[in-house]
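The structures considered in this document are given below.
Two complexes are shown next, each including subunit A; its partner changes from subunit B in the first to subunit C in the second.
So, the complex of A and B:
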């Protein structure tokens, strides 16, 4: 069979470029819908406020609870950020992306990158709120910088995976958090562990390594099952 | 006055030796293809050959498998039985990717991102597939949407969204064009645009497959008609597509 070659694209696009384009598109959609930073983030701030209201004026208890409550809210509401409806590709959009030469892995990576940047913004928005409400001991706060990045990355990949798994299902918004929350527990433990260790003068490395390990396992899992997930949908 | 589809860039489908594809060239070959989706058999033992330069109309009742057939030809659905070869590549799990940049599919629903403008939507596809982003603006102008390039897709009518999809086809310049109910929601001017886009793809030696519920409209565009009955493709008549293309 002789096959018509047809016009070729003008230039070869690298997977990295495609990944950046996809993440850029997701961020642009978010900027126009405000779903994550204008709706979910204030909701998270309200959740942070509810705890002091229910505990009462028990400053030492709030100081102790503060970091854990912050990361709990980041985990639970962060999942909602990764499952935002503006980022859902319709069947037609998915077909268009596949015909444009975007592989399943690149699509998942682009989604995870967009998620990660949004989650980082989400964490940074909620951090001053938590400091204001809980007045936590910020000894060794600098250790939180890598924790912010690593937790955002891990949650972003897990969220992208859950989104791909739950795509097209009626219970997507419920199933997604159910899938992510249990596997994201080590992220929560690691993030709070780093701050606690720094406060008591212990090395926080083991906790950082735990968070990093979750990130790597999630990334490998995503790379391994991306094509299968695409064919599933 | 109907807008005229100007070439975003001119290119012809050519054979591996550089010669223009002849009408004998088979661009897609389905042999005994079966597709089952969620345990429901959709296509059964379907055989079809698509030649360079022809337009094929596909008819069939709702749920007969017309859209699934388009998805197999687009390499998006892998048959569970039989053999499918599209643009020289076997359609098997993960193997259809090399042919995809030369295929354009316009489905029931527009593949536009509602919050992006028409221009942003097209430029996004151009950049993803390694094409000059300037082609997006030229393609929009060719379908009469130059003035709406900054308008968000969510605020466009169905007809405008369809035109934008046709602009994407002009930009991609596919060897295989798959149109699913393309005339739905189009005014007369835009209908003429569909005819021009189909003629352009055929003129370059590509192939068009059109799905529609309107046999009369299909007969005017396609060279031959096939009907999907019980998952099989049955010859349903000859169209006047080749005369229209002339």
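So, the complex of A and C:
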């Protein structure tokens, strides 16, 4: 039997497709291990539960503190999501990706996209817990929709950068948060600022612009330094 | 420094190799002049004698900014040229920067207690400066965590560039947020709002602290260079072969 000769299929895969495939790979690994959503998210919920015990059961005060505590937990525990063990690429995986022509920039973008989706899930899992425990004033809650996305995106990129910088080090999971948390503070300020502004009837745009600026600066820095990080592994 | 260093009235030969000859003298003279000018300058109309702390607090903050700018430039330089000297300079500058950032916070706190009534307040300038301190502590922790010199240089160079994004945030925090900390009085468009006698004293102090910064960074970079040379020498020195301590069995009476 002969095979009909035809035009060879186009084997090129665009960088966007590569990025999506890599993010999908990270999400599949997360589905198997459940490290971010089944371990870190409950740990974050425990932190939200413990705060009132240390502050004292002052319901009006906790109602006021609730949103700030929520975003603090998202920032600190979100870094752990980006530094999860299932996001560590072995030398063989990296060699295979390099041979397949996947650039360092695409690999970093894929990791950041996977991180971002997981962080969004992490935020959405913890939000009802915070609402239930703290009963905060939800005036202007619709403004939180873009905040969820922008904070997840910024933290995802910064986390991917820190993950690459601390790759292979013994203290990766302790060093990574030290590298990310202070740099990510504008995200915390922006997220809580949007809520406060909405509650007092002020336009929250400046805070959204702040978070967006951090996202863009982080993305530009990540795109610039990706080729230098390539030589690390 | 080794035990063979010759001690002289002005210090040891090892000290001179690290600190140099002329720069310590010039720095000492500049610091003495700055101190003299700070003591002679008039008291402030509002703050009184407390204003003299400004002649140390502002220069330490300036040196901290300068340190991180030098770390940024040398980090970019390392990524471009891959020169080990640039990596040593970046690390030395960051170390000195962390020291001066800590000193800025402590001196600001000492000034804040009698002026604001508190050692610490949630002011944007204070908080962003504390964050800057922790970011560069992270930089130093990253350097300590990577034993291999080339990998250490590359990782810290990338983070040295990323970390600098915080510096403009610290500087402009007094303009972007309503703060207790005063807005810029010297580094601002137009004529500085500070009294010109005080300004001259402040400029002298800034020059003295900048020279101190140069002295410390040069000394630290030289020490790092010596340490690198020592490690390289240890690597190339022939060591005992494994099993050299075990001798072949000899027949009794044949040794000697």
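As a convention for this text, the second predicted complex is superposed on the first by the 223 of 233 C-alpha atoms of A that agree within 3 Å, B and C clash if a C-alpha of one lies under 4 Å from a C-alpha of the other, contacts with A are read in each partner's own complex, and residues count from 1 in each chain.
Methods note: a residue touches a chain if its C-beta (ideal position, glycine included) is under 8 Å from a C-beta of that chain, and two chains touch if they have at least 3 such contacts.
What you are looking at is a predicted structure, and each value in this text was computed from that prediction instead of being measured.
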(Q) Per the contact definition in the header, classify A:12: touching subunit B only (first), subunit C only (second), both, or neither. (A) first
Q. Of the partners subunit B and subunit C, which touch A:102 in the superposed model: first, second, both, neither?
A. first
Q.
According to the stated criteria, A:57 is in contact with first (subunit B), second (subunit C), both, or neither; which is it?
A. neither
Q.
Quick check for you: in the superposed arrangement, does A:217 touch first (subunit B), second (subunit C), both or neither?
A. second
(Q) I'd like to know which partner A:33 touches here: subunit B for first, subunit C for second, both or neither. (A) first
Q: Give one of first, second, both or neither to describe whether A:90 is in contact with subunit B, with subunit C, with both, or with none.
A: first
Q.
Tell me the contact category for A:25 with respect to subunit B and subunit C: first, second, both or neither.
A. first
(Q) Looking only at subunit A, is it subunit B or subunit C that touches more of its residues? (A) B
Q. For subunit A, which residues belong to both interfaces, subunit B and subunit C?
A. 231
Q | Residues of subunit A touching subunit B in the complex | A | 1-13, 17-18, 21-22, 25, 28-29, 32-33, 86, 90-93, 95-103, 227, 231
Q. What residues on subunit C touch subunit A, complex-wise?
A. 79, 131-132, 134-135, 137-138, 141-142, 145-146, 151, 154-155, 157-159, 161-163, 165-166, 169
Q | Touching residues (chain side subunit A, partner subunit C) in the complex | A | 161, 165-166, 169-171, 175, 178-179, 182-183, 185-186, 217, 221, 224-225, 228-229, 231-232
Q) Which positions of subunit B touch subunit A when the two form their complex? A) 9, 11, 13-17, 21-22, 25-27, 29, 52, 71, 74, 76, 78, 85, 87-88, 93-94, 97, 100-105, 107-113, 115-116, 120, 124-125, 127-132, 168, 173-175, 204-206
